[in-house]
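To keep things simple, chains are lettered A, B and C as they appear, and every chain counts its residues starting from 1.
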Amino acid sequence: MDFFASYVVLAEIYVLLALSTNLLVGVVGIFSVSQAAVFGVGAYIVSDFLLTDTMGFLPATAIAIVACVVLNILTTLPSLRVAGDYFVVTSFGIQLLATAGFTNWTEGTGGANGLPGIPPAELFGFQLATTLQYLELSTIAAVLGCLCFWLVMRAPFGRLLRAIREDELAVAAAGKGVLHAKVSAAALAGAYAGVAGGLYATFMSFIDPSSFDLDASILLLSMVVLGGMRTLSGSIIGPFLLLALPQVLTLVALPTSVAAAFRQLIYGVLLIAFMLFRPQGLAGERL
Amino acid sequence: MSYLAVAGVAVNFGGLQALTDTSFMVEQGRITCLVGPNGAGKTTIFNVVTGFLRPAAGSVTFQGQPLVGLRPQAIVRAGIARTFQNLRLFVDLTALDNVVIALPAQFAEEPLGAIFRPLHTARMQARRREEARAVLAQVGLAERANEVVRNLSYGEQKLLTVARVLATGAELLLLDEPASGLAAGALDRVMALLRTLQDSGKTLLVVEHNTRVVQKIADEVLFLHQGQLLAQGAPDRIIADPKLAEIYFGGAL
Amino acid sequence: MLALQLLLNGIVTGCALGVVAVSFALVYATTKIFHVAHAGVYTLGGYVAWSLAVRGVPDPLALVLAMAVCTALGALIQHQLYGRLERRGATHLGILIASLGALAVIQNLIAAVYSANILQFPSAWASRTFGFGGLRLSAAQIATLVISLIAVAAVLWFARATILGKRIRAVASNPFLAEITRLEPRTVHVYVVAIASAVVCLPGVLVPFDLGLQPYGGITPLLTATIAMIAGGIGSLGGAFVLSVVIVVLQNLSLLVMPGEWSIGVTFFIFVIFMLFRPRGLFANA
């Protein structure tokens, strides 16, 4: 029971991350392999504040959100300003740089050994000690996250983003600022990553760079592609399916050294197969 | 003070002079047609006036306000909107959404309003849809409002581009070949629409190839050739000019 | 002296990365595809050569056979993946995601078969060192330098002088025109990716002689190479090569003042500087 509950908690946290990636990749159409890096920054900020007992879970998460918003705007800004494939380079660069930072800045991140003993989240004097209590928090967060995504996408803002993905010049000719809308989308994506970072760190009570590396970003991208671009349901289906995959793989009884590579291999195959045969994903719109 | 004044505008693409020292004026309430052979710089003028292209030299003023250096969306807010030769509609959105998007200053065009005031957003959206429906009715597309654009006929799509510029609320409309590629019936609809727009107080600057259309709708014709304004005047005079006809039909080829 | 040695090492590695950059730029200029799976081809070349070398195949022959495998892989990726996607009207983003998927597949297949540990070539000749007035170069470094320079010269000559090279440039400058004049851009694209894959196999095999093999070792070289391509100016193969050398030299010299883990930061910093001040690159065509 506990095992299943922690699967759901993780999947719900990844729903927030999938929504974040979906906003950038699916809705605005920016290729991104650095959302895990932004997620990591959020997780490390919350962990550091809680481990040093500087402040509680809520203010720490609020700061993480602000940091992730700023970081996400900065990382996507090049793709907004210059045409061409420069943003692919930016995205890879930010991700590799972040991994280098997480691994080597030992004082802040514990380096490759990670940060153990992160205290659980505390809300209004109430400590979330058990997995089931966490399940309540992550469910509330995921439901709120989905609600926000739904509200935003059906508002004029969502229509504007769809139009931008189709034709930026025409949007400008209709009198709307393209850059402003994209920056807003990137900021919203950053906020999702910040919340997810706080939840993840306090739930796992241990974080290390491997949760926030390039492979993690590829996992996020796979979730969005598998579930379906631009739709809310896609960003819910993707995480629940792909996080079940490691459990299924344990049935095959692979040696642990091979298991990680095998998992990533499957994500790669999924990316290719879906692009070739079902680019809209299981529940998405035409790409 | 003239309504729209283009003065000494020059544009280079690489070594090519697309516009050299082009000057002209557009008067309020009239339909002015830009004609000239292919490559004369007609669309380039549109791009300069609407802020998509920054001229190497020269100025553009609209009701006394200098426009050069403003971004396209700022120029739309100043009251000038354009269509594109290749339409540039949002083909995966409905006809109605294509119009709604161009309505100015909407609530919740950013995420915070949408998230924190959802009911207000929904109410405002409903109101905007009604406004957009009215605009669609103006161009005769009221029945097609909920159709996805890629399913509309070419003629309907052309009308929709006009609806989109109307929705911006702009006073000066720049229409790039509104009549090209249309069958006779649709052509008459478009010409009638342009007249109605003029009667409702809009000013039109129109790029058009079809001399019959020009003769019928234009109050004033600007003849452009190789990036320069060659002649300006009433349509009959310009079209009857044998020298211009030579350039238009023969010389340029 | 240390600075000079770092400079020299930088030039050698820079030339090898220059080959990666030139081959990547060749693909990008022609197909307009940001071929991130190129990093996988680069890595696979090294592993194929290693597998042959540990079974007693002479190193030069192992290199040639690895090149053949890479050529086939490149042609397969273009023909079966990118080509198919383009025929189905996939978006640019879709092709990019598929390319990333191909990279993940290649890297993790390697990791599953060979494990993620660093592998070293068994060859004794590679680690023999030669002194030049206090500076030292290993035989592997000398081979890397010489072969990289020859490879780049060959690619530049090929693109300029041969008929296929001219076809490639014609297809690159105007795919539509090339289509109707029967230059068959699709076939040309397969040739281009195949050739680029053969070329990138050279540094893919030679660099590990010095630094060892790792399944995920292709990504950082790819990042450096793409930054060099952008900084050099898209469309300028020579520019991509020169900037590769410059960037890697700066990376190496940065070791004087900061630890090596941060050299990715140096590379990225150079990229940001270019983005801010010269986004079209140094040698861009107008």
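As a convention for this text, a contact is a pair of C-beta atoms (placed from the backbone, for glycine too) under 8 Å apart; a residue touches a chain by one contact, two chains touch by 3 or more.
In this text the structure is predicted, and so the values were computed from the model without any measurement.
Contact topology of the protein chains: linear, an open path with no closing contact. Of all chains displayed, A has the C-alpha centre closest to the centre of the whole protein C-alpha set.
Taking each chain's centre as the average of its CA atoms, chain A and chain B sit 42 Å apart. Remark: chain B and chain C have CA centroids separated by 48 Å (rounded to whole angstrom). Once the centre of each chain is set as its mean CA position, chain A and chain C turn out to be 30 Å apart. Residues of chain C found to touch two or more other chains are absent.
Interface residues of chain B facing chain A in the complex, by the touch rule stated above, are 50, 52, 71-73, 76-77, 81-82, 84, 88-93, 97, 100-102, 104, 106-111, 113-115, 118, 121, 125, 128, 164, 167-168. Those residues of chain A that touch chain B in the shared complex are 148, 151-152, 155-160, 162-163, 166-167, 169-177, 180-181, 184-185, 187-188, 286.
Residues 25, 29, 31, 33, 78, 82, 84-86, 88-90, 92-94, 96-97, 100, 103-104, 214, 218, 221, 225, 257-258, 260-262, 264-265, 267-272, 275-276, 279, 287 of chain A are the ones that touch chain C when the two sit in their complex. Of all the residues in chain C, the ones that touch chain A in their complex are 28, 34, 36, 81, 84-85, 88, 90-91, 93-98, 100-109, 111-112, 115-116, 215, 219-220, 222-223, 226-227, 230, 234, 259, 261-262, 264-265, 267-268, 271, 275, 279.
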